[in-house]
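Mind having a look at this structure? Questions to follow.
Chain naming follows the written order as A, B, C and D, and within any one chain the residues start at number 1.
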Amino acid sequence: MPSRFTVTTAILLALAATGARADTIRIGVNEPLTGPFAASGTYVVNGAKIAADEINARGGLLGKKIELIVEDNKSNPTEAAAVAEKLITSDKTPVLMGAWGSSLTLAVMPKLIDYAVPMLVETSSSGKITTSGNPFVFRISPPSALEAETFAPMVAKLGMKKADFLVLNNDFGRGAAADFGKMLKDKGVQVGLVETMDQGAQDMSAQLSKLKASDSDTIMITSAVDQLVLLFKQMAALGLKKRVITTGGSQNPDQIIAQAGSAADGTMHLTTFLPWLPEKTPDPQATERFIAEWKKRGFAFAGVTESFRGYDGIRAIAHAIEKAGSAEPAAITKAFWSVDFTGLNGPIRFAKAGPAGKESGQSKPDVYLIEIKDGRVVVPTL
Amino acid sequence: MSVILSVDHVGVRFGGLVAIADLHFDVREGEIVSLIGPNGAGKTTAFNVMTGFLKPSQGEVRFRGTGLAGLPPHAITRLGLARTFQRTSVFPDDTVFDNVMIGLHRQGAAAPRTRLLDTLIGRTGAGERRLRARAEALLDWVGLSGRAQEKAGALAYGEQRLVGVALALATEPAMLLLDEPVSGMNASETRVFVRLIRQIRERGVTLLLVEHDMPMVMEVSDRIVVLNYGRLIAEGPPEAIRNDPAVIEAYLGQGSAARRAIAEAQQSADTREAAHA
Amino acid sequence: MDQLIQHLVNTLILGGTYALLGIGLTLIFGIMNVVNFTHGALYTVGAYLMYLAVAALGLNFFLALPVAILGGLVFGAAIERLLLRPFRGADIDTTMLVMIGAGIALQSATLWIFGGVAKAIPSPFPEAPLQIGPVSVSWLRLFVLGAALGLIALTYALINGTKLGLAMRAAFQDADTAALMGVNVRLIDTATFALGSSLAAAAGALLGPVYVVFPQMGGLAELKAFAIVILGGLGNVTGAAIGGFILALAEELGAGYISSGYRDAMGFLIIIAVLLVKPTGLFAKAERIG
Amino acid sequence: MSRLLPFALLAGLVVLPLGLSASPYLLNALITTGILTIGAMSLNLLLGFTGQLSLGHIAFFGIGAYVSALTSLGFDVEIGFGTRVVHEPWPPVVGFLLAILAAGACGWLIGRLSFRVRGAYFVIVTISFAEVVRLVALNWVELTQGPLALTGIPAISLGLPGLGTWTLRTKLQNYYLVLAVGTLCYLVIARLVASRFGRAMRGLKENESLALSVGINATRTLTIATVISAAMAGAAGSLYAHYLRIIDPDVFLFSTTVSMVIMVVAGGKGTLMGPVIGGLIFGLLPVGLRPVMAPEAQWIVYGIVLIVILYVMPRGIVPGLARLAPRARPARAPVL
């Protein structure tokens, strides 16, 4: 069982970490390994490990091996803050990666200021993360506003007239509804209903019945993969046949195809990675290498849409450490600004975001629109 | 003497089951009255109605002229009507002394607001010392001083009964309802208890008992009220009740235990008459 | 109007499984006086057993269902034997805490064994829904409703028509008297807990294919089961059955016409409202005191 | 001997940080454990001394956290009919006091509403209340920021206007603040339990009919107990908000209530020291387990430890050990 294997590895690593080893450069990884986001967090950690092993195989950084200290934040913001504290003060990691969900990342952020340690944010999409004036935050995932901006040119081509929203009732979902809603209005598309659903909710037929009765042509959905599977099945059951576009980057199309079957046919998804068509990614060789290694380790292919973030995250951190020339938090923070390489989902270089003087770093990844057709992922021609 | 408690055409029904059909009697101040009847006659139900644990389906109970309808049990206690319980008569996890201290709850209620404040800042105060003295006096009075520091739940059954009485007396009632106070007591304990009942009356407390021990009932009561199948079938002084054909009939209809009870009652009366002669 | 009809159909479909969940919980409370905090975990176990049987063992869908239900029965019996029996005579709070401990352990064990990634159980029913006028219902959900109603009927028959049921009803009225009359109360306890657990597992096994299967799926189901049981009156089987449909109705209409964000709050608001108006539940009979 | 235990423990907790100053992580664990322990102590007032199990206790904690956070952050919400409520930020200390008041008021409400029902019903009413409050915190985004979390909550600062203020930013300061509040709560509970009011609570727990029959007003007593208990939980919630400086609707998670219940029951419900000992053990257990086992396995152990404690020491650790100790005093004798 892959997840079990990785968790055991994580413990072994954590155990190893308790013995002080000055000959390694430690990177703290703060991810949800239990709780509702356990699956995604585990994928990210596995991706991170591939990057770490790759770097170490090439001889490490600054003449030292890198070492990931992986901690579980239990999908809980309080725990995420506590874990950050432990990683920084107890394990003395000079840089962190985390913490998957926006609420988790937001909880960690004050700790970064307290201890002046930088963190690479690999998944969270809330706008707040880069606009609240935290100069220790560097994000490679797109906030929903950026996602909406990249999607804007496709709106007219899709022929959208009126869109309803069905979003997760949290920062992730509501943020997406706000940003996409604004963008759509600017493009002359009407915005109808904005329905929400709770994170753990399993039966959305009430919301879907309402959406079915509305006169819009498109439903924009923001949620994680498990709920998307449920939604597509329930839409099929209700005979709800409208254009569906999902956002947020946690969709995992392969899992959708495997679990929702033909119910997912025709659905469209905005993603930040194209593992199905490596030749269309910004760095095809790297993509293929990563996917090959992922499969070699016995992980399900479906996980790559999450795990590539962990992979790119650690690579970005490695670039920063190399540029910094030392493994000190202040030097790494400064060096993040000069990181510039091509990640699996586009160039990784940080632009300033947020209030002047204490800007956070935001990279601008590529966003792709894909469609599920006959059980396969295709890039629709618009 | 004036009426202290009047039960005015009270009826209790549980769904279709009639527990009390139409109960009507008075207790006068200073009396000792017993409520008797075969098992299931509705005696405990009557007690529960009088003390607010049960709402009657019809009729009303008045205590010192105040209607008790709708009053919760603790409010009725505060009017001066206290009771004991048939089965569980103590706070089992507390010491006997603390049991009585809990019973003195109302006596400590002089000025609740300032008291709560005193409590929080830690002033125990004179009030608390006075309560402890009261508790000691009450225990002494029922003869349990030696047991004061024992857990009430660990006492013998008869002693638990006494704790129950001390608790009820701690509320300084004008009238006390005793629910089968001597059941489970041996003969000598019962004798002591009868003396205690008389002493309670001497303090000016009116008593109403539910009891199965016929000799005891006959000995202690001024008046007896007999219930059967939720109906009042006889009322009067012990001698009259003992010979009432309706009462004998009611008890004959029951099992052998009840018959033995009535036989004992008659026997005890005979011996007492013999003693008088 | 079409929307309303669709909501009512959804209610019916959802209500069947809610009722199933509620009945299992209320039985255990009524007969054993145990607030079963493993109910949600057993619901999860039922769903994973179904997944194992269908996806891993390749069993036929209709064969896998009884296997999962039987598995729930065995799990329930084991929990009663290993965890509840040593606490016989303990107060309701203690057994409740034992059940909380067992629930935590069971749920974490499923996470440990199966990992956090949700699993889907393939169903043999066609994807295209049954379309009647403006209303659509999936075949799978129709089957689930039928199966749930069938199981409820079976439970009723068991309670009202068998010797075991008679003994259970006797224990429900008064365990001490039942014991005096020769009823093996220990066996009844095991049977009751196993039955209640198998109903939870059945709900999980039926809903697993409808939704997806993941370790935390039981948490919300458990809270809803509590709501249903309170609605119907603790220990009242018929009340729980009706309570299931009422909760489903409230959720559907609440989400459909008020606000979908508060959908899951409906159940709890109902609980509070019911307890204010009729604290013993909507369908409780008058209780005898004294 | 056991009379000295609380003093010894307090002394130990006062000097403990001197040895720990090198490890902010452990200090952090102690602070959160301390805050949860205050919650457990408040829960014990209800569960241990009146016998009412509040499984929605986290609601009071969370309400305290939100009230305190919103008081010190300020807000601007529309409450319908075009009316806006605008609140300018007040000092965190005011937030702390308002948190106590607000949580106490909610306790009063719940007490009034739900003491018509007891036992299993009370349990489920309290769960429902907590769940409704959580959903409100999640959905009333304009006020609570919903799942976006309230961030930037200021640290508690002590002091008077004009005399300057002292802001508790460091862990050590927060540690002593939590210890002080915890000690105060302990003293209040100890006083309360030994008083006439405490006797009334015990009476109701041990034999409710008898308690009523000696004139104890059940609803009033239980409601007051709930108010005090809720107010303390609110204080703990406020400390939590100002220490972590971020709160989100997850503060209302059912699992936190379960943790508090475990602390109370394992330590010994109805004893003064029980929740403290239970709180320290179960609060620090995850810290101890973290390096040695997988997170899922930790929770399995947590569940099993709970069952084993209930089986071996059904009344909890403190009474269990008191029984083992020679010349044990009656477990409930009020200390201090």
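The rule we apply is simple: a residue touches a chain if its C-beta (ideal position, glycine included) is under 8 Å from a C-beta of that chain, and two chains touch if they have at least 3 such contacts.
None of these values were measured; they are calculated from a predicted model.
Chains that count as touching both subunit A and subunit D, per the definition above, are C.
With respect to subunit C, maximal separation of chain centres occurs for B (centres as means of Cα atoms).
Counting C-beta pairs in contact across A-C and across B-D gives the higher total for A-C. Each chain gets a centre from the mean of its Cα atoms; for subunit B and subunit C, those two points are 47 Å apart.
Centroid to centroid, with C-alpha atoms defining each point, subunit A and subunit C lie 36 Å apart. Chain centres here are Cα means. That of subunit B falls 43 Å from that of subunit D. Rounded to whole angstrom, the centroid-to-centroid distance between subunit A and subunit B, based on C-alpha atoms, equals 74 Å. Across the assembly, subunit D contributes 138-139, 294, 296, 299 as residues in contact with two or more other chains.
The residues of subunit C that reach two or more other chains are 108, 111-112, 219, 259, 261, 264, listed in rising order.
The multi-chain contact residues of subunit B, meaning those touching 2 or more other chains, are 53. Subunit C makes touch with subunit D in their complex at residues 29, 35, 83, 86-87, 90, 92-94, 96-98, 100-109, 111-112, 219, 223, 226-227, 229-230, 234, 259, 261-262, 264-265, 267-269, 271-272, 275-276, 279-280. Remark: subunit D residues 23-26, 28-29, 32, 138-139, 141, 146-149, 151-152, 244-246, 248, 250-251, 253, 290-296, 299 touch subunit A in the complex. Residues 4, 7-8, 10-11, 14-15, 18, 33-34, 71-72, 74, 76-78, 81-82, 85-86, 89-90, 102-103, 106-107, 109-110, 126, 128, 132, 169-172, 174-175, 196, 198 of subunit A are the ones touching subunit D in the complex. Subunit B contributes residues 51, 53, 72-75, 77-78, 82-85, 88-95, 98, 101-103, 105-106, 108-109, 115-116, 119-122, 128, 131, 164, 167-168, 170-171 to its touches with subunit D in the complex. Partner subunit C is touched in their complex by these residues of subunit D: 47, 51, 53, 113-114, 116-117, 119-121, 123-125, 127-129, 131-132, 135-136, 138-139, 254, 258, 261-262, 265, 294, 296-300, 302-307, 310-311, 314.
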